[in-house]
């Protein structure tokens, strides 16, 4: 019932080049697994790169947009969900995702998504996080938080989480 | 940029049998046009029937769910969006839809969606509405409100609206 | 537990002069009863007039604002609640109000609030509604909908509803 | 225009005894300054204690509730705002507050509020935070984040922030 939706969260305008590259690869790998990619939907940074990666691999992309219209949405979205919720849409992002991958150095928006995901008891994978983020979210989320060094590693963890759930 | 998403709104538990039948046909026709179907996502009444209709024709279905989990979602959803917004998710339903079709006798939830769609300047089609609903929403929405007697008629109106927009 | 909060809904920019006058009187009378006034908070039309009326009588005013800041808020608000929810904040308006009074000819936003209030099983009073609105919402809400010709009449109905609840 | 609203965020059920004590004192001091206290509104932990503290000093208390009704609200609330937004209401908490004080060891909900506050460029004060939280939020928020060891110290920082703004 319902496709497997994997959320990729990360900075928009402030994203580092290496985080954008990782996001593109992550999107590609997620699509190759047959999963649906979910992001915050904007045409910027990690969100945009992950969506473009997924599209380049023939995947399906969903974006949960903060504004009242689809203006500013990534061109790589198949399903732009227009919420007009501002940052409150971050909670929709994480509730809709089976697993949340935070890609790169977290800004405040991404940090709120990691925290909201943990609040909702969702598994979270931090890919390329800073030391401070790793220490804090490990203290907050315990075994619900995993760490990955590369997009491929992140996807391997997602696979174990999704398969583990399916085999129960 | 983005697929064409058509929203079908209508009663859940209280839906009349004829409205459920119309919703199934509406979902089928929407999928046959290659559009994505969006509903309120629950496994009840018009939402469920429209989603099942769309799936029966090989379409893609999105449901904007009110609760904190996908419990109670229609089995015919491909993309269950979990909002935890309660009835505030009705605004997401209409903002995400290119055109909103209200199917059958409107309950309070559907009435709120018609009103929110008009507030957002979206075109609305009332299919099988009561006389009171027709009179009120015509007075409220002017030329943004159309009336249809059958699902096929509703889809013809959607087609004109979508094509008209595309040809501008 | 908690003060009695009465919601007054109505048009912003498009409000008729007579509706604005009624809203001011309604706000005044609500404050004189010792109730808290709740509105959609903007510095326009019915919302603003009701808030100014309540302040002129020494009352307490709450506004549920749609934007990301308090910009555009009525100067007569004591408690501006900043939601960044756009029109989804309409559901907060009605859920927070013990009774909802729709003042004047309803626009689309107000119509959504009446419908959302009925969905939440809140009592609604239509003051100075059009014939079409009266007929539609009576058909939708049954005995939960009352009609008033003057602000004083509306407040008498609120009083019966609030007292009736208290005496149960 | 509008009273000064100070938000106090912190754990509900999982709050430590010392955090609950600090919250009560914080609520008391906030009320003594003539500020309105805002919390997440539930009858638990830091939220409840801060509200009871503020009421004990004759203050005004606002609670932004996550559910569809006021069930489970702190008895010390004057203005229970019923949002039906679940954890998305956390964004309303911080947008409505002039300054956000996170009281005690942050759980996931509080962490999301700190992050959302920083996203909205609000000043945040961490009172009694863990070392991991201090390090992470300092790296995230820069000079927008302050640290306090006692409720009185937190209120002194709020005072400087509020006065500084007023004198501009």
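Chains here go by letter, A, B, C and D, matching the order in which they are written, and residues are numbered from 1 within each.
What we mean here is this: a contact is a pair of C-beta atoms (placed from the backbone, for glycine too) under 8 Å apart; a residue touches a chain by one contact, two chains touch by 3 or more.
What you are looking at is a predicted structure, and each value in this text was computed from that prediction instead of being measured.
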When each step joins two chains that touch, the fewest steps from chain A to chain D total 1
By mean C-alpha coordinates, which chain is most distant from chain C?
A
Please report how many Å separate the Cα centroid of chain B from that of chain C, as a whole number.
29
Report, in whole Å, the distance between the mean C-alpha point of chain B and the mean C-alpha point of chain D.
40
Multi-chain contact residues (two or more partners), chain C:
68, 84-88, 91-92, 120
Could you draw the chains as nodes, link the ones that touch, and say if you get a line, ring, star, complete or other?
complete
Which residues, counting only chain D, touch chain A once they are in their complex?
85-92, 106-109, 111-112, 115-116, 118-120, 130, 132-133, 135-141
Quick one: which bits of chain B touch chain A in the complex? Just the residue numbers, please.
1-3, 5, 36, 62, 64, 68-70, 73, 75, 77-85, 91-92, 95-96, 120
Considering the complex alone, what residue numbers of chain A touch chain C?
68, 84-88
